[in-house]
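Next come two complexes, and both contain chain A; in the first it sits with chain B, in the second with chain C.
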Partner chain A sequence: MKAKVAFFDFTSCEGCQLDVLNLTGEELLDLLGAIEIVNFREAISNRSDDYDIAFIEGSISREAEIPRLQKIRAQAKVLVALGACACIGGVNCLKNHLPMEQALKMVYGDAAKYYDTIPARPINAVVPVDFYVRGCPIQTGELVKVVKALLLGKKPDIPNYPVCTECKMAGNICVFEFGKTCLGPVTRAGCNAICVTGGRQCWGCRGLVDEPNKNSEEEILKKHGLTPEQVVEKFKIYNTYAEVKK
Partner chain B sequence: MKGNSVLIVDDEAIVRESIRDWLADAGYDVATAETAEEALETIAKRDFSVMVLDIRLPGQTGLSILKEVKAQRPWIKSIIITAYPSEETTKEATRLGAIDYMVKPLAPDDLEHLIRETIESVGKEPTVITPPKAPGKPAAKAIEIKKSVVVSKQSFKSLVNNLIKITDVYGVKAKRGKYVYDSISSANELALNYDVTVLPPTAYLFPPRETILKFKLGDGSKSEPVTNNTPRAIIGVHPYDIKAIEMLDEAFITTNPDPNYIARRQNSLIIGVDNLNPSPKSFAPSMGTHTAENGFDLMLTDLGTKYMVTIGSKKGADLLRKYAQISQPTADDIAKQKAVLDEAQAKYQLHLDVPRERLPKLLEDSYDDAYWQSRSETCLSCGSCVMVCPTCFCFDVQDDVALNLKEGQRTRQWDGCMLVDFAKVATGENFRHDKASRFRHRIYRKGKYVIERYGRMGCVGCGRCAIACLAEIASPLEAFNAIAESVRAKQAAQRILREARPESELYAPRPAQLVRVEQLAAKEKVFEMKFLDGKELGHQPGQFVSVSILGIGESPFGVATSPTRTGSFEFAVRNVGSVTNAIHNLQKGAVVGIRGPFGNGFNVKALEGKDILFIAGGIGLFPVRSLIQYVMDRRKQFGRAIVLFGARTPAERLFVDELAAWKNNPDLEFYETVDRGTPDWTGNVGVITTLIPKVQIDPRKTMAIVVGPPIMYRFVIVELKKKDLPDENIIMSLERRMKCGVGKCGHCQINGVYVCQEGPVFSLAQLRNLREAV
Partner chain C sequence: MTQVKVDVHYVTRIEGHGNLILDAKDGKIEKLLWEVPESPRFFEAMLVGRHYDDVHHIASRICGICSIAHTTASIQATEAAFGIQPSEQTILLRKLLFDAEMLESHVLHTLFLIAPDFLGVDSVIPLAATHKDVVVMALRMKKLAYNLAEALAQRKTHPLSCVVGGFAKVPDLNELKALKKRLVECLNDLDVETSIFKTLKIPDFVRETEYIALKDPKEYAWISGQIASSDAPAVPIDKYLGVTNEFCVPTSTAKYTKNKRDSYMVGALARFNLNFKQLSPRAKKVAKELGISAPCFNPYMISVAQLVETYHIVEDSINLIDQLVERGVKEEPDKVKPKAGRGVGAVEAPRGILFHDYTYDAKGIITKANCVIPTNQNHNNIQKDLEALVPKILDKPQAEIQKMMEMLVRAYDPCVSCSTHALKVTFK
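Right, the complex of A and B next:
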């Protein structure tokens, strides 16, 4: 019997879900051969509440989202957080630095009074999460890897070492050598350092490793010309929630 | 039969395939055979116009094929190729019908020309084409393993371009101001005068990721090893990387021979180049890896317009024969090679402080050294150091199953001991859970474990890790030297202990008699002392003594009189606690213990010729008084003397008679103030900083002497900075809690500085580096 899979989105751009649809035709067919997608807002309209694996996209930033998420958790045997917003709070948490009312106004303008909003948080701040597919947006290869691991009943091999390791394996010249700065030394690998390979630098979209040496990274950023404020800003982009939590 | 069909018989793939490619490109119909047997089989099946035949073949010789061919297909014209021409074989071959000879290395154009002529001509006389050679010396003898020959850069380029036609070629290229190994499609892309590459060439022998097994799941479940046998040439390998490859050979080949490594290794041709332009982070000479005698097929030394080429293997020799114009090195060439290598060696800036043979022992004795902990504090566990290292070879193994869940592959990928989870076991326990133990493990690998296990240096001194480490802690050289230093220090300490002569007086006070006491203010008294043995204290202004009241304790006090006033000395005491109270209770004639003088005192030499601005707050006047007296007694040696004094209230003013005298002394400019006035006080009211704007000073020649309560310093500094006084010209005396006075007890320490030793007098410039100071 095929595993039944459902996708749900909370506060996010839905960019990660759309990414699932960007799989090449063959991969998608393969994927659908192994699983049955029963609930996927972007792709099919008939909804079903009968599923084994729930993929959750987006962070939690409104009161009403909490019971909805809890219900999904109760139904799903396996719950997977999908994308930076769901895994680490992501860019949505940037609003946490503003007073809530101001944040609402910025997003909804005068309609703000119709919305309640709470500080944005990752899924695991509300319910337990079994697996994470990280990144902003996610990489389909990793999603496929996690699905396969689930089907095989093993833990997916998601690295707990920093992006630098993969960056070196890719043969890149470290961006610090060109006067740029990078969050690779504290960010969890698994993306093959695509941003550096592509000529940019790492912004930390996959979240921090389990034991990041943040002090050392901060010192290094400062030594390479960032002001303490800029250092804080840099960490904030994706890893605000980790900051706030501390 | 096609009129232009050619059969090539040669056992060396590189020759066979290169001739095939040249001729195929030139429009010939080409077939190849590796052995005599195969050649005969092919000839039995089909016809050829020309056969190109190497007469040295494994098994049956080329000559025996000639015989067969003459019998079976006498019209095939045979051209013999050989690297070892001799008159006997030449004769024999012509006897057997060979049309012509060519001596390896072959030039494609010559060969093509000869084949064309052979096909066109009938009954042509045999000619022998050989490359130019030194007179009297047969070409065969000119190329020997371990010998050096000279090749022009142009000829080397053409060798590389020929190599590119027959095999995958990787070489060193420039990339954004750095150097990397990459696949090359023309010799012009090579940048061989480089310092170091980002990743080492060992990545071609042990790649970042490779498949080691393919498997099928389910009923017919089975697995099958996968290796990569693609021939490749790696060009531009520096000697330290060659040594690293030798180390890897040891690890991968000696025990449990690793099929994946061996497949790549045996199919890799290595062309090295001496490093004439070492990276500033490299310490290859200390590891004995700045030159290499083995481990390469060819090794180049850049002599300007040409290379000195050392031949390291038969493969290398063959390559030269086939594709390069070689000549014997002249005496000049040999001298030049030595000169450039010596010059290169002189460029290395980093060196090991101990002989490398001693590293294993040194490390063994330093397992618990504090260095591991302190130096690894900033380690990011980022793995960069182990990823870029040519001698690191740890890996992780992962299974990758296809989505159909029926088949998959097992891959290995680089891993390393600096990564947090490297030594974690399934139960969650991590045998190297802290940064320090991982950091130490890596350095031990580099300087001890690998040497002991494989007999080769585990670090070849390339310096890549030092370049890659953002925390700037990864260089094994630095660790080795630090450990060596620490061991040396330990040994020195033991020597010092053996040879130590204790100073028995260190903690024993000298008896001195109180000859005069005077009340200065409500809680302050001044005490005049004389040593019972009649000796002088022998102090500098700004130094202090430890005054001890046996049974109560000991406390430090600044000496309040100048050493110019001999016969006795004074200190003044504010009564704040036990010792100070006991001192206050002393009667004239009492005997107390004195230790000291301690501390550095004011550097009076440096004050000579300068204008001096004294700023004393409260009992800060006690030590300042000593210097004021000194300046008054040697007035001519100094410029202006300006004294600013502040007390909290008029009643707390100290040495009031002296203050009055200073006020009237034309040699002194004296200003004073009180924080809070009283009805009968007619002078300034306000904190001491309010006096500073009142005085005009020349910041270039003024030294400020500032002593007072801690709070005072910050505000006074602000005011002095407004007068542009440089940090070096602001001199302060710090009060810290003190017990021993001799740099032992640690109470007075500010960051790394002991105030009782290096202080209590500091310039602001010195204090700026001491973050705990103000």
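Right, the complex of A and C next:
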């Protein structure tokens, strides 16, 4: 029997779901041979509340989203966080730096009273999460890997070493050499250092490795005359939630 | 007593959340609403205090489907504030990257999100069994668009290499040449799509409104030009506030807009109506074959206008690659110097005109940000269309009324995630 899979979105840009739709024909048709997608609002009209695996995209940023997520958790045998917003809070948490009232007023002016909003948080701040497909956006290859592992009842093999390792393998020149700040030394790999390869630097969208080597990051910063504050500003973009919790 | 009650809580096959509500009794409409309850995200507040080099990276996250449009509008707003004129190479690369997103978005919308309505299925998935060649073709076109974006900016969703002042990494010309071959082949796929669209029965509903889009005397405008209207003379993009006139409504987290009339339309049909003469010859020819001519006042024809535009986009991409190959591409030094001031960027996102407006301090830190999103500009027009449409179809069976309403919303290709989600229809 095919596993029944559902996709749900909360506060997000929906880019991760969109990339699911962009799996190449072969991968998509392969997956459809093994699973049955029963709920995917962005792509399918029918919906069913009978599913085994739930993929959740997005952060929780409204009161009304909490019971909705709890209901999904109660139904799903396996719950997977999809993308940075769901896994670590992501960019949505940037608003948490402002008092909610001020953020509301800034964007909606006098109409602010119409809006239900709470500080943004990753989904594991509300319900237990079984697996994480990280990144902003996700890597679809990693998603396929996770789904296959789930179907086989195995634990998906996700790297727990820093982006730096993959970046060196990709043959990139270290961006610290150009005087830029980079979160590669402390961020969980699995992206093949795509941002550095593209001429940019790591912003930490996959979250921290389990035991980040803070000393090594500080050492690198010192060597290049940079301060931790400069890194924290970059770190906030995706990891405000972890930062505030500390 | 006949009651019609439609309550579609979250219209499917659109980007984001929208509800349609219709309540009618004995042929009298008591309530008819397009509701947009998308979770508000506060991007304008998030951008304040950020350094210019991170701004377009964050702004891209407003929307996954049109992240290239947001990135481009964001970069252009920053460049306008700093007084930077991008190089010719940068403009060519930016246009090509823009075409990649437009191609993907139009294929996704016309074949994955719209076509199921006409073929009587609930999604593209059953089509994989009944119309496998069409699904494979759509996936092929989407993949081409993704690969084109990857060649230019590493990925399509949240592009990487395009930055303020230019490109942090320039593409490999051999890769572009190989993509050109696939783009030429893509025109055949589009002919197949056109033959399918010719068989679709597009609802016959007409409501004239104001049409707004970018207009550039040099070309069919995507990332340059002035704000043109069907009802008023064109104005420079930094005067956009006088056109959009945003206001908040209790039924929506998205802001609504209006200009010369009660509402206006942006997007493929608005562009088609205002800039038809600048479409490529092949696009014009297909428009004729598909029975669409400018001006067209049927909102259900938006998807047809998207298909016509897709030809233009593919031909434009081929031309851009030819130009890039001929002139060559080289790494250009980063010469960005922040300057205090305000800048506005405007582009035609797949769903219509998009504005980013930033104010910077002398260190290149944002002090104020404002974004006006295409779908927000369409919400009000969707509501007015519904008000004109529903009385004409109230005698039909409830299921049909609901389908017509959903199809209308879907035609606009609303991208409610950006605009901040909506369809709840109640028939009593």
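Rule of thumb we're sticking to: the second predicted complex is superposed on the first by the 222 of 246 C-alpha atoms of A that agree within 3 Å, B and C clash if a C-alpha of one lies under 4 Å from a C-alpha of the other, contacts with A are read in each partner's own complex, and residues count from 1 in each chain.
As a working rule, a contact is a pair of C-beta atoms (placed from the backbone, for glycine too) under 8 Å apart; a residue touches a chain by one contact, two chains touch by 3 or more.
The structure presented is a predicted model; accordingly, all values stated were derived computationally and were not measured.
Clash-free side-by-side placement of chain B and chain C is the outcome of superposition onto chain A.
When both complexes are overlaid on chain A, the residue A:Gly89 reaches neither chain B nor chain C.
By the touch criterion defined above, A:Thr11 lies against chain C but remains apart from chain B after alignment on the C-alpha atoms of chain A. When both complexes are overlaid on chain A, the residue A:Val209 reaches chain B alone and has no touch with chain C. In the superposed model, A:Pro119 makes contact with neither chain B nor chain C. Using the contact criterion defined above for the overlaid structures, shared-chain residue A:Pro185 touches chain B, although it does not reach chain C. Vertex at chain A: the C-alpha centres of chain B and chain C lie 120° apart in angle, rounded to steps of 10. By the touch criterion defined above, A:Lys168 lies against chain B but remains apart from chain C after alignment on the C-alpha atoms of chain A.
Touched residues of chain A, counted separately for chain B and chain C, are more numerous for C.
Using the contact criterion defined above for the overlaid structures, shared-chain residue A:Ser61 touches chain C, although it does not reach chain B.
Contacts of A:Lys148 after superposition: chain B is touched, whereas chain C is not reached. The minimum CA-CA separation between chain B and chain C in the overlaid arrangement is 11 Å, rounded to the whole angstrom. The contact sets of chain A with chain B and with chain C never meet. The part of chain B that touches chain A in the complex is made up of residues 175-176, 178, 180, 198-199, 203, 208-209, 377-384, 387-388, 398, 401-405, 413-414, 416, 419-421, 435, 468, 470-471.
By the touch criterion stated above, chain C contacts chain A in their complex at residues 10, 12-17, 39-46, 48-49, 51, 54, 57-58, 61-65, 67, 104, 108, 112-113, 116, 122-125, 128, 135-136, 139-140, 142-143, 146, 153-158, 160-161, 163, 167-169, 248, 250, 253, 255, 417-418. If you check the complex, the residues on chain A that touch chain C are 10-19, 21-22, 24-25, 28-29, 32, 37, 40-47, 58, 61-62, 65, 90-92, 94-95, 97-98, 102-104, 106-111, 114-115, 117, 136-137, 194-195, 197-200, 203, 233-234, 237. Here chain A touches chain B in the complex through residues 27, 30-31, 33-34, 144, 147-148, 151-152, 157, 160-162, 164-165, 167-174, 176-178, 184-186, 209-213, 215-217, 219-220, going by the rule given at the top.
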